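Look at the two complexes coming up: subunit A is in both, with subunit B in one and subunit C in the other.
Take a look at the complex of A and B:
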């Protein structure tokens, strides 16, 4: 299947990745936020013992990473790579992740819930991601009693996750729809069907790099299949709308569009100082150029790697020493130059 | 989902913040978002627990005005209902049973639904299924006895015994 950063999937020229996350709790234990240290360790041990030592896990080799054993920068870098959530990194004293070799599967322990099982695939592959998550979920359930209620389904810390406990999402690149401001209409339509859209790498409603995450909001009263079908159908429609907008833009102003794409590449290839904001914006233009076949000698996976590796913590991790904002911007420009020559 | 500020327009602006490990989410409409943005004090009143509280105080269609008199406490983790209202988070999986019907308006507001229809865990879910079957048979047994259908009652009693022995495993 491959890691979403390094390999391509269906509809990769608009959808970066498809992700499934299942929230689960083990019955008979307090939830993580009210647990003492001893109990937290017990949960980590309980899960890792049977998953790792008995080699019961599908999808390759897994290793346990206790958050307390790695540095703050390494934790933040895992967040930037979407392997763990910010919350897991913040609760580092009592949390851990069990992750496979290519980071397509990660099982967060003592996040908000005891278990947050996550699978990520490149491109639009929600069903494949769900099949794998479902399979691993069954494997875990063979050994552990989940907190489950016939009315409320899987019981979670927050009532917004109860029921299926599923959060299905796609990360999607929508430069043309963002440009033409049709996004508000889509926002309205999406919320009508129990989905939500939000920007990535941006606070609140702001987004940088024209990257959005679309996910289900309702987890109770619908089956997993219905939730994924809805999301897949809506994503399919948005992909179409984005394609149409892109075609329109090309038709009405090809020269302008090509100009902004090539200029963006020019800046990335030559800049000496690059802020994260600026570079994400420029990378969106270059990504669009690759997606439209205007830029031919750069692969989309190169851009994925650039996007992840120029995030602050990952950049510091690559450098091997702490960097202030200014030297980070210099380092970012250098990294981008070297990888886009 | 409706805007959590005005409760009128659909919520299409979503914010997530993490402050001291506490995740807070806000789902509001564009108008309310704009007002919030223009308000220099915008950070202060926003918290997930406020939102949960406001959802729970909301009496829905008005069919069942909600007046919490006594404060229920979860015997397993000690969380009481008032505290849950403040934080919006359960302390253990037993809380759901402890707070029971009181949660329904909240779940209805969040999900538009109160009954899970998705995946059931294979192993422990099996027990739930058996328990459901036993309940059904007990009901039939009672009816059989009421109707003086003793042969049928004996049959049902055997079936229940059989299922109960599976339940113990």
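Take a look at the complex of A and C:
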């Protein structure tokens, strides 16, 4: 299936990725925020020992990365690549991630819960991502005793995760709906069916580059299948609305739309200083141009890579040394130029 | 020497062209604004008959274009190319121009005065332009009786032209001085030495693309040589100030400056809709980039041609049919793209 950054999937011209995240805790241990260092090490050990050796594990080879072993920049770069959550990076003293070769599966240890199992697929592939997550979850459950209650389901730190412990989400590009300001209506409708929409770095993150993350709010009282069905159906509707809005924009002002798309590409190919915010905005325009077939010689995966690799920490990691904001903007412009020739 | 649009001259990296204009009237005829149609035809005939046949005439072959014989668009295009003045085009029923092959010399007939002899050279070449104008003026004077007064000099319709009847001017690119807002000081200083600064289409025209025309205000009480010396000296000073300002800008923020230069090129090479005003602004940035040696593979003459050929009337003339503002902006963007590849 491949990594969402470097591969395409169904509806890739609007949906970047589909993600499933399962929250699990191991019975007989304190929750991460109240346990001591020793206990946290034990959990990392427990999980990694069997997971790295387990040859029945789906999705390839896994490696363990203890957060305390890597630098702040490396941790932030993993956040930017959506391999780990900001919380795991913050709680780096006692946390770790077990990740497979192409980062389609990552198992965060001692995030908010003992286990946060995440699978990401390119495009709209919620069911495929869920199947993989479920599969790995079963493999883990054979070896460990999950904290589970017959009535409440999987027990989690935060009540919003209790029950199935599932969060399903899609990362979606909605430039036309953002432009025409129909997004507020959609936001209201989404909330009413138990979903939520936010920036691509999760709760509290800003919306940038017309990219949004739509996910379920409710984990209790619905089965995993119902949650995914619900999200898939709403996502399908939003994809349709975005398509209609794009067609309308093209019909009412094709020249203006093509103009802003090509200008964005021209600026990205020529700028010498690029802030992250401006860069994401311009990339959204270029992405739209590719999605609409107006720009033909650039692949959408090139844009995905550019978007991730120009994030502050990943950029510093690529450069191999620390950069202040000014130098980062110069470096970002250089990187974008060289990769958009 | 060549046409200023297609050739370079001294200080071409700041000065686009040097122009001399002599105002003359023929003795025994009413001034253009009070004469009848017959009289105006007589003057056109008188001048053209000998000028088109005269083989001692410097600056190559001449042709006569009667303003009534060409379309409004063609007249406006000649204005945009600085071959004729807006006034000659307005007064098209009774006016004409005699112009040489490369448009370095044009003799407007029945503009404000009977004769407006103009020479334009690329770069800073006021003396060369004057020598040519003087030469042609002498040749005409051998055949015609100019309205001349021993004390007042050449008699002209407007008192501001009486005396030498000369207007010397340079078209100059001052992006750095415009940016740093030192232009007002210069404006004051210039006025005090009898010069004036304005937009490139003469009196009342707006400043666009950081291009200015500096010319003498006074024609009486000074010799032609004094007037040209004065303008040449002040232009030299302004060139120096602009150079210093450019160096300062580069020193204080090279990345920002290169950024705006390359972005301008990127937009011009990619835009699908370009207003004349935006286009001139972006071209000014690209011109600066060429002048500073930052952009190396585009010649300044390419910019000159682009600037002239994207003016509204010339653009319509190139297209061969009328265009509304919207289509003109699309056509302009296409023309710029194709010529800046």
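The rule is short, and it goes like this: the second predicted complex is superposed on the first by the 333 of 341 C-alpha atoms of A that agree within 3 Å, B and C clash if a C-alpha of one lies under 4 Å from a C-alpha of the other, contacts with A are read in each partner's own complex, and residues count from 1 in each chain.
Going forward, contacts are C-beta pairs under 8 Å (C-beta built on N, C-alpha and C of every residue); 3 or more make two chains touch, one makes a residue touch a chain.
Keep in mind the model is a prediction, meaning the values are calculated, not measured.
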| item | value |
| --- | --- |
| Superposition on subunit A - do subunit B and subunit C clash or fit | fit |
| Which of subunit B and subunit C A:299 touches, first, second, both or neither | neither |
| Touched partner set for A:101, first subunit B, second subunit C, both or neither | neither |
| Touched partner set for A:330, first subunit B, second subunit C, both or neither | second |
| Partner chain(s) touched by A:138 [first = subunit B, second = subunit C, both, neither] | first |
| Touching partner for A:150 - first (subunit B), second (subunit C), both, neither | first |
| Superposed model, subunit A: greater residue contact from subunit B or subunit C | B |
| Subunit B versus subunit C as contact partner of A:187, first or second or both or neither | first |
| Once both complexes are placed on the shared chain, angle at subunit A toward subunit B and subunit C, C-alpha, multiple of 10 degrees | 140 |
| Partner chain(s) touched by A:69 [first = subunit B, second = subunit C, both, neither] | neither |
| Which of subunit B and subunit C A:263 touches, first, second, both or neither | second |
| Gap in Å between nearest CA atoms once subunit C and subunit B share a frame through chain A | 33 |
| Subunit A residues touching subunit B - in the complex, by the definition given at the top | 25, 27-31, 33-34, 86-87, 90-91, 112, 134, 137-138, 141-142, 145-160, 162-164, 166, 184, 187-188, 190-192, 194, 196-198, 203-205, 217-224, 227 |
| Touching residues on subunit C, where the partner in the complex is subunit A | 255-256, 258-259, 262-263, 265-273, 326, 330, 333 |
| Interfacial residue positions of subunit B with respect to subunit A in the complex | 1, 10-16, 18, 21, 23, 25, 27, 30, 33, 52, 77, 79, 88-93, 96-97, 103, 106-107, 110-125, 128, 132 |
